[in-house]
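Going by the order they are written in, the chains are A, B, C and D; count residues from 1 in each one.
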Amino acid sequence: MTSATREKELKPRVEITQISGTEIEVNMGPHHPSTHGVIRFILFIDGEIVVRAVPDVGYLHRSIEKIAESMPYSFFMPYTDRVDYVAAINCNLGYALAIEAMGGLEVPERATWLRMIGVELNRIMSHLVGVGALPLDLGAFTPFVHALREREHMMDLLEILTGTRMNNNYIRFGGVCQDVDDEFLKKLEKYLDHFVLFLEEYDRLIGTNKIFIERLKNVGIVSGEKALSYSFSGPNLRASGIGLDLRKVDPYCFYNDMKFDVPVGKGIKGTVGDSFDRYIVRIEEMAECEKILRQILSKIKEGPIQSKVPKKLVLPAGEAYHHTESARGELGYHIISDGKSASPYRIKIRTGSFASMTSLAEIFKGMMVADVIAYFASLDIVAPEVDR
Amino acid sequence: MNFPAAHLEKLAKLVDSVYNGAVSSEIVQADTKIPVLKINSRDIRKVVELVVHHKDLGFTYLNTISGTHLAETREDESLDLKGFEMFYVFSNSQDFSSLAIKTTLPENNPEIDTIDDFSGSANWFEREIFDLLGVNFKNSQDLRRIMLPPDWEGHPLRKDFKEGSHYNGIPTTRSSELEAIRIE
Amino acid sequence: MTQFIYMFIFAVIYLLSIAVAAGFLTVVERRIAGRMQSRIGPNRVGPQGIVQWIADAVKALQKEDIIPTDAHSFLFKIAPYLVFMGVFLTLVPIPFGAYTLMENLDTGIFYVLAMASFVVIGVMMGGWASNNKWSLLGGMRSAAQMISYEVPAALAVFVVVVMAGTLNFQKIVFSQGASPVDWYVFRNPFAFIAFNIFFIAALAEGNRVPFDIPEAESELVSGYNTEYSGMRFLFFFLAEWGNLVVIGALVSTLFFGGWNFWFEYTLEFSVPGRYPIRFEVLGFLWFLFKVSIFVFIIIWIRWTLPRLRIDQLMDICWKYMVPIGLFASIGILLWMYFVPEKSLADTIMRYSMTSFGGLTILYFFYRVFQNLRVTKAKIYANPFV
Amino acid sequence: MKDGIFLCIAAVTVFGALVTAFSRSIINAALGLLLALVAIAGLYIFLSADFVAVSQILIYVGGVMVLLLFGIMLTSGGDNIFSNNPIMGAVPATLITTIFGLLGIYVVNTSGLTFYQGAYRATTRDIGHFLLREYILPFELVSVLIVVLIVGAGVMLRKELVIVRQAPQKKEGKK
């Protein structure tokens, strides 16, 4: 693309809005097909162009952080599933690691491997929903169903691993809730052989589609600087060209030993940090997850899955901020213990979706209504994670 | 990421040299794994400006802002006052090493300067704290409730929060009381 | 008077059969969509679910007819009928066989283009009268889109009209032959261009993917029919699927030889009795076959492609399709002038175009099967567990 | 039978025209106009002018009415715009109706035009013949006129754009 045409494409469309000068207020949400849950935008549009946008969240606020203060530490584990139900084990892991760090609990080696299997499988599932819902919001229904079909297979695998399909509640302090046999590992390997083919096919089906590319390239550009300023994390931050992955820069579990790349948005179709980059980063990240899973399969060994943990867990007084790489970015648990009671004094959950939401009001400005959908879908936001 | 010890010393020196002892700051390598910079609440903007804009530090990435209501005296002597504790987590955009800034606010009329001009996301984090804890951020560009409806009364994450029996005519409690589960 | 009654009865039969066809198409579309999405689709009502549409219709009839409080109730009520009328009036001059048509209108294709404007009016009214901003946006988008795409559609039709020398559908059909060599689409490159333009423009006028932005369900909730329920919604629905038949029939009539089968025709083909009934039946089935191929392609596109943005849609229309359409319409004039029919150049072009088209389709199937061979997912329950 | 249908269509035409003239709601007036235009197409068919009838629908319903409705529906609250003084328009309306009526009677009486009485006969071929052979010059002149119109509209729109851009932006209008 020549620089002149690129400049033309990148020019904001706001200028045109001054023709009529009248704007109408439309309510996108809380019940709208493309807000992925109960999120609401108040859009002030002039024709098709958004002049001003006010994101409104909180429709799914369950005050999980308040609930946590009234129950023992271990009782809160199922609630973490509900923070991000698409990548539940990721949320389990962040919470368990924070508590284990505070209480100095040991985790057996096999339990960590199993945790990593669960987390990476769940990350693939979550990204499948993300890249599946993106074409759905652009009007193509079929890719969504294909992505969900693969997710179903993985749910079957997770059912063997954890006993449930969603909201797994798999991880315990100092271990995991149940072990698996070698049969499962073989099935997982067999599935990964298939998944590589599927991923390649899916990307060929969607990522090379001219309309899909045109709808996403140069839409909702978030530069690296902007992304840092909006506290983007996870795939959204990496799509903006900043290769920060907490599994690399602040390794937990056995991610130190894993060999994997951190995919970064390169702007292959448009500008770095546009919506297409966010799509392609997720696709590449799924391939990386597959690599990690194979390495885990080659390294996992027999052993205990649960260490000794006191039934009534009272953590020493103090606080911890522990963050892990969830499917939607940095998942941080800020936990304060008063050292006396068996329940946390305060838990603050920092989620990737909430941080991604902070960019909406500014990025939406000057977009067309259809681009609003495309940008929002490319962020892959899960509403309960925003509201908690 | 564990904050390198060399960095820590440099940070302590910096804070001292820039503010010449005016800021009541101390650096604690707490059990949070990340260093905590304890400061006086009225210096928040100065310190944030330092850690964000100083060329040796460059903590431009705001991870989160957390807040806690400390209602009763606790065993740990560092947490012994009543009031609100603000907890800012910043990260370096290069190596993602983190730094926490901690400050305390009085229990009645908690107020602190906003830092929403340092980060695009700070406003939302502050709004959440304002909504759930009732901490007032001075000079904020847009301080509204975020999670709860605008006509909600009270701030639920305060320890002394009592839920009203009705909200807009809708009862907030069930008729048959569910027994609270406790492990003793 | 008796003639009037006959006309009335025939019109009712026609309307009903088209409504049945539209209803049946909803099931077909859902089954095809199901197959494309690795699921089953409706298969409970009747064998393989073929009468699902009756169940749907009965359900829709039982629904409450809700008119929003602040809606302009009169406009709100008549809008679906206008849309329905606009689609079904276009079927009047389209020949399904030598006799199987309502009226052999002399204005033919011109009439079809005119009747599409009722759809525009109806959609706009429905969108505006609902008193819903999403509906209004949908109605306006729809009007802008349909008006714009009428231009390339008319240009493409112009190419055919020039070649046939008439607007009359029967004469257009008759001037083509039964074999692909005689179809207009393979006569010369300009007609081939015109076919592509017409097909795309027809998709856009029918609000089908990738041009379904007036009812973009992920942006505008459901566009102009958001507030409709029950019977009135059904009318929009029927119009949409009736439009599938219209598009398929128009394309196959204008470019693919219509009902022309490999039989000898006399010049008085339109006079009843001169034409054996088996010819009529075969021609009708042949025409239905062509229509169903195009209907399938439209459904296939719908379940494959994402939709465009409104500015991209307008770009495609005004920056690409209209200039290309103008090029084709000027080109066809020159072609008609310099290459007389049945000359050597004309024959060579016909055969080479036909073989080109055939090879394209073969290559397409080759590609599809090659890709399928590599990555076809095994479809059986729980393959990995 | 035929007369009955003709009378129905004529009545609808008159009704639509009356609604257009006397309705106080602008949207109803537009609808009346739509009705009248469609009914006039019906009258053309009675005059055995099928091509003109179809053109009437294509141009007036598909083009003019759509633009009219566009204008009405996009301006805020199209339903609430009422003409405040119906008597204001009565004088010019009477004048115009009288003049055109007299003109019509005069033309019909003097030109020797008669209503076509015979069976329906297709007119498309004749129209094409006349337009492209005998009246080719006026036909081409009209196309030149249309090109001028299109270019002029483009030029005017450009000017409008520039002017409005410089003007201060108005605040949000009434909802």
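The rule is short, and it goes like this: contacts are C-beta pairs under 8 Å (C-beta built on N, C-alpha and C of every residue); 3 or more make two chains touch, one makes a residue touch a chain.
What you see is a predicted model; the values in this text were computed from it and never measured.
Undergrad: Give the chains in contact with both subunit A and subunit D, ordered by label.
TA: Of all the chains present, those in contact with both subunit A and subunit D are C.
Undergrad: Count the C-beta contact pairs for A-B and for C-D, then tell me which is higher.
TA: A-B
Undergrad: For subunit A and subunit B, what's the span in angstrom between their mean Cα positions?
TA: The answer is 24 Å.
Undergrad: Just give me the whole-number Å value for how far the CA centre of subunit B lies from that of subunit D.
TA: The computed centroid separation for subunit B versus subunit D comes out at 69 Å.
Undergrad: For subunit C versus subunit D, what separation do you get between their C-alpha means, in angstrom?
TA: The computed centroid separation for subunit C versus subunit D comes out at 30 Å.
Undergrad: Where the CA atoms of subunit B average out and where those of subunit C average out, how many Å apart are those spots?
TA: Measuring from centre to centre gives 62 Å for this pair.
Undergrad: Mind pulling the residue numbers of subunit A that touch at least two other chains?
TA: 24-25
Undergrad: For the complex, give me every residue of subunit D touching subunit C.
TA: Result: residues 1, 27, 31, 34, 50-51, 54-55, 57-58, 61-63, 65-66, 69-70, 73-74, 78-79, 122-125 of subunit D touch subunit C.
Undergrad: How about subunit A: which of its residues touch subunit C in the complex?
TA: Contact set of subunit A toward subunit C: 24-27, 32-34, 48, 135-142, 145-146, 149, 153, 156-157, 159-160, 187, 190-191, 194, 197-198, 200-201, 204, 209, 211-212, 214-215, 368-371, 373.
Undergrad: Quick check: in the complex, which residue numbers of subunit C touch subunit D?
TA: 1, 4, 72, 75, 105-107, 110-111, 113-118, 120-121, 124-125, 128, 136, 139-140, 143, 147, 150, 166-168
Undergrad: State the interface residues of subunit B toward subunit A in the complex, per the touch definition above.
TA: Subunit B residues touching subunit A: 1, 30-34, 60-64, 66-69, 74-76, 79, 87, 89, 93, 95-96, 98, 100, 119-121, 123-125, 128, 132, 145-149, 156-157, 180-181, 183.
Undergrad: Where on subunit A does subunit B make contact in their complex?
TA: Interface residues on the subunit A side: 57-58, 61, 63, 65-66, 70-72, 75, 101-102, 226, 228-231, 242, 244, 246, 249-250, 312, 316-323, 330, 332, 334, 336, 338-340, 342, 345-346, 348, 350, 354-355, 357-359, 362, 387.
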